[in-house]
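Shared between the two complexes below is subunit A, which has subunit B as its partner in the first and subunit C in the second.
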Partner chain A sequence: MAAVADTQIVKAPRRAARQGAPRAGTAWRWVVLLIAAVFFLLPLIVALRFAGIKAFGSVVSEPGFTSSLGLSVRLAVVTTVITIVLMLPTTVYVHLRLPGIRRLMEGITILPIVIPPVVLIVGVLQIAPGSLKGTPYLLGLEYVVLAMPFAYRAIDAGLRSLDLKTVTEASNSLGAGWVSTMLRVILPNLRTALLSAIVLTVALVLGEYTMASLALYQTFPVWIYVNSQTSGQVSVAASLLALFVTWIFLMGITVLGTRQSRRTGGGSVTLFTVARQETRGN
Partner chain B sequence: MTTNTARDATAADGTRQMTEARGTSVVLQNLSRFFGATKALDGLSIDMAPGELVALLGPSGCGKTTALRIVAGFEIADTGSVLIDSKDISSVPAAKRDMGMVFQSYSLFPNMSALDNVAFGLRMRKVGAGDRRKRAGELLDLVGLAPQAKQYPHQLSGGQQQRVALARALAIEPRVLLLDEPLSALDAKVRLQLREQIRTLQQRLGTTTLFVTHDQEEALSMADRVGVMNKGKLEQIAAPDELYDHPATAFVAEFVGVMNRIPAELQGGGMVTALDSTVPVRGEAPDESTSAVDVLVRPEGLTMAVIENGNGIVTTRTFLGSVTRVAVLLSGDVTVQVDKASSEAGALAPGTSVSVTLPSEPVLIAPRS
Partner chain C sequence: MDQTVAAPGSLADPGAPGSDPAAEAGPLGRLTVPGALRWLRRVAGIVPFGAYVTLGLLLPMIAVAVGAFETNNGGFTFSNVSAATHGIYLHGFWQSIILSVFTSILPAIFGLLIAYAIFTAKRGNVLRQVVITASGVFANFGGVPLAFLFIASLGSSGLITHWLANIGFNLYGYGFSLYSLSGVIVVYLYFQIPLMVLVILPALEGLRPAWREAAENMGARTWEYWRFVGGPVLLPSFLGCVLLLFGSALSAYATAEALTNGTIPLTAIQIGSFLNGNVIAGQENIGKALGLGMVVIIAVAMIIYVMLQRRAAKWLR
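Moving on to the complex of A and B:
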């Protein structure tokens, strides 16, 4: 989760500054930005000094590094795919046909945040069929639940800025069936929202520790923790490396999504993608 | 109410403009639609001739949009049917109805350029890339937006977006064009231009068009016939001048144009007395028991002369160009609007005593409100 916090918070002040309020606020903004920068960067710099450059080289050859990172990446992919495949049609359907239950959906989707992960994983381990318990993909299914609040909100915000009903009806009246409407009209306009959902889901999976450790799988965060018991420097180097890799990955998605949506008048990829609304209603 | 008589009268008059036979005929047959206990649409029947532009006019919630959405296939009627060229299309899904629709809110696909928006319907009809670009280009040209072909919706003004939406609806050469308050989100000047543009295009292409609006000026200026709706029912459908001059019901009379209500007394034999004169009642006279009635007269229907100790006093004068609208206070605290040629209105300063008289032709009456 550290990676998400990082990208979002660094972005926010920059956006605010661009929209520009008079001078008095500007100085304050820099002060806040500076404090935030110190708050977030100082631990990183300290960690970097502690680990030393050499430790980075040995991380890769450390036993378990490749397999745990590989597992985390696979879980990230599986979780993201299942999340999108489940949440996208559901959210679209709720918007079009059952707008009355949107509030209920919001309530339900917030549950995984309210319920502690420990409770979730213990519960699931009790009832999960044996065939699933033996594979790490049980964890993937858990992560789908954990990612639901973020994915739902990102997609929901994207749909709300689209005027889904009108656009869908326009597409229908022009002769497009449901599949064409979904693929050619709805999906392309949700690109930004979907990227947000993906970014959040991936970041969540790559950073999740509690569930993985309780379910006894050595995902990357678990490996880092286990390793820190034996070699402090290497494990700090590994966390930093993970942070940078995740960060670069997320920035990549963000830049990609923003470039696409700027062309069509959408906003940048941000936490809940509401920026798009600003540019539409003229 | 008087729907049928009005419709028959219109048909008999031949006021319906039979443009050319290339358009499609549309028949709405006894459409009803309930939302819970509310009757959104109550037995609506309209015959549209090929190439005709019919406007449905009425206050919000009168069922006009529901009617349009049933024709488009977005709503299903509880009873009744929609016939296109005499074929019942009630079971045909919206995507297969071949209807071009322009929506009230901006409905362009934000991810496509203006050209791609217009070409979308053709793409769905599997028209080749070259052909559809060419035709989409022609249509954009038709609505005067060829230079904006490559722009995205968010780069276009509201009026431009609606023109692209119109081009997009026309690109599929629809059998019927459906316009759902397409101008209501635009500012007055753009609205006026676009109104003319839509009408000119519609006549040129001869596309049968159903146009829903709450703006009477729009309906009267654009439509061949205007259907006035109230509470899910069609009150009257007639050519604009017919509707204005001979409203079939009190609702139509007051909804379309400016209407004076003058307290009157019902006499026997279909006569009514108001402003010291007795004139015949137009249409069906209510039975004698309804005593409290108002006479409905338009500002240009009343005559007025300056006279000492008349029945009214001028309170205000509003210059409207060739005519001046004069507000006259009558006894009993009733104010009426009277139109006078501006050249003759000079003597009508506020405070002037005048005499206001009813027209001699039959007048419309309504229960006193």
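Moving on to the complex of A and C:
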């Protein structure tokens, strides 16, 4: 008994000393965040100065701007449509009828992240039939593979936050068939998840460089690079423009995602479910 | 789609193991015709997905693996693999691994610090929200635009380089070059650090305040808490994140390509140059051997990760 009391007495001053610790901790925290802020913001500000305001205006009139942006947008539409049409029914089906293979699905959909795109495109160009190789839609078809991890995770997270079994059972017992359950019950509940999947897919396609350049198609990022040989400033301006547009998109889903998670209390679609790097063309 | 399933409840999977023996065991378990049919019907829903993955992912990867061991006429050979593991290509692998190690460990440490800094801030704190959003945005930022951002600031005629020179600090005089390995490392940090913040934050949130309180009640100091409680709990996730960053750096192509005009000897860039046609005819399959090599490196990294995680999991028990 005495021993216990003793240690408690010894503890007391130590705890008092620790009360002062958070202040030191806070200072350290601010130093880390300050360094990070400088590292991340300085290149942005400097690039803005380097490009100058005028360069932003002349981006639009550069030769190739319209056609490359047009190609990227078309690819984004094709990829998004195929990705959603393929992944939404598959993910719902797996949740409802084959929950046992969810881990397997996670494993399969992580593969496009693990496999370097530069290796994948080597194989794709090897086996793709000539008729497909002649069109840029080969890229679109392959972007679907790259988008799978993000689409699957976004939709999966959305389905988890929803009591899918109860909802479908209720819908069935009210006489709805499978199609009508899908369109009128599941789909509206997955709005945020689908929106995330779409935004991420679009952002991925608009930013992808590796596959496009190696398959010799002049998408927007490839154009920025090619055009830099003629005008460095315009290319920096185009890069910044591309960035800001993507950022607005991504910020949009972050805000939506947090609102959603506040509403449902968890199971949110966080940006990371999504924001894996490699496939974004680094 | 399977539209015939309309009976209430049948849409949802029975879930509990053993409730549907024929389906659980598959066609091999009980070789009856209705059982096999039922199994086929269950699996039918994922056939389109399976077919797409096979055509778009599996077959191309098999083509790479097979091509690595083929001569141009289709005969079997080890010469591609041997070429890929010697000379400039071996050098490329080493440079890639060095780059990936640096750009996974440095961002892992710094990212953990940032994540911890905002983790200790209160929930709903504005700063915390800003950092998380910014991380999501910066982690998605890479490729050509990122390269140009850095060329404009740290390139040989970049503005920051210029400013530093004006105050008497010649960056390039100290051996730094944006277009060499050191430069690529700095640029990769720009997307690797935010990626680390994003992936480690959920793990940090798994550290329950109750554990810290319990440790403190038992008289643990801060470092003791981290040594015996926080550290071991975080370790598996931390290792997973390092692996993710490693893979991310290893397979990155566009940033390094745009930054160095494809001159830096990294494996990803070398593979790309085979497709660009900057190689002697008849050697194309070396590119496939290099690709196979990259996949092998990633596989080895994953095996190491699984082993480390198993050890870490032992401490957790």
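Basically, the second predicted complex is superposed on the first by the 208 of 282 C-alpha atoms of A that agree within 3 Å, B and C clash if a C-alpha of one lies under 4 Å from a C-alpha of the other, contacts with A are read in each partner's own complex, and residues count from 1 in each chain.
Assume contacts are C-beta pairs under 8 Å (C-beta built on N, C-alpha and C of every residue); 3 or more make two chains touch, one makes a residue touch a chain.
In this text the structure is predicted, and so the values were computed from the model without any measurement.
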item: Which of subunit B and subunit C A:S68 touches, first, second, both or neither; value: neither
item: First, second, both or neither for A:A36, with subunit B first and subunit C second; value: second
item: First (subunit B), second (subunit C), both or neither touched by A:Y93; value: second
item: First, second, both or neither for A:D163, with subunit B first and subunit C second; value: first
item: Which of subunit B and subunit C A:N227 touches, first, second, both or neither; value: neither
item: First, second, both or neither for A:T192, with subunit B first and subunit C second; value: neither
item: Per-residue contact with subunit A, leading partner among subunit C and subunit B; value: C
item: Which of subunit B and subunit C A:S180 touches, first, second, both or neither; value: first
item: Touching partner for A:G123 - first (subunit B), second (subunit C), both, neither; value: second
item: Common interface residues of subunit A - those touching subunit B in one complex and subunit C in the other; value: 169, 172-173, 177, 280, 282
item: Subunit C-facing residues of subunit A, complex; value: 7, 11, 14-15, 18, 21, 25, 28-29, 32-33, 36, 39-40, 42-44, 46-47, 49-51, 86-87, 89-90, 93-94, 96-99, 101, 108, 111-127, 141-142, 144-145, 148, 164-165, 168-169, 172-173, 177-179, 181, 203, 207-210, 213-214, 221-222, 224-225, 228, 232, 235-236, 239-240, 242-243, 246-247, 250-251, 254-255, 258, 270-272, 275-278, 280-282
item: Touching residues (chain side subunit C, partner subunit A) in the complex; value: 1-3, 5-9, 11-13, 15, 42-43, 45-46, 48-49, 52-53, 56-57, 59-64, 67, 110, 113-114, 117-118, 120-121, 127, 129, 131-146, 148-154, 158-160, 188-195, 198-199, 202, 216, 219, 221-222, 244, 247-248, 250-255, 257-258, 268, 271-272, 274-276, 287-288, 291-292, 294-295, 298, 302
item: Contact footprint of subunit A on subunit B as seen in their complex; value: 72-74, 93-101, 103, 105-111, 120-121, 124-125, 152-155, 157-158, 165, 168-169, 172, 178
item: Of all residues in subunit A, those that touch subunit B in their complex; value: 162-163, 166-167, 169-177, 180, 184-185, 188-189, 191, 263-266, 279-280, 282
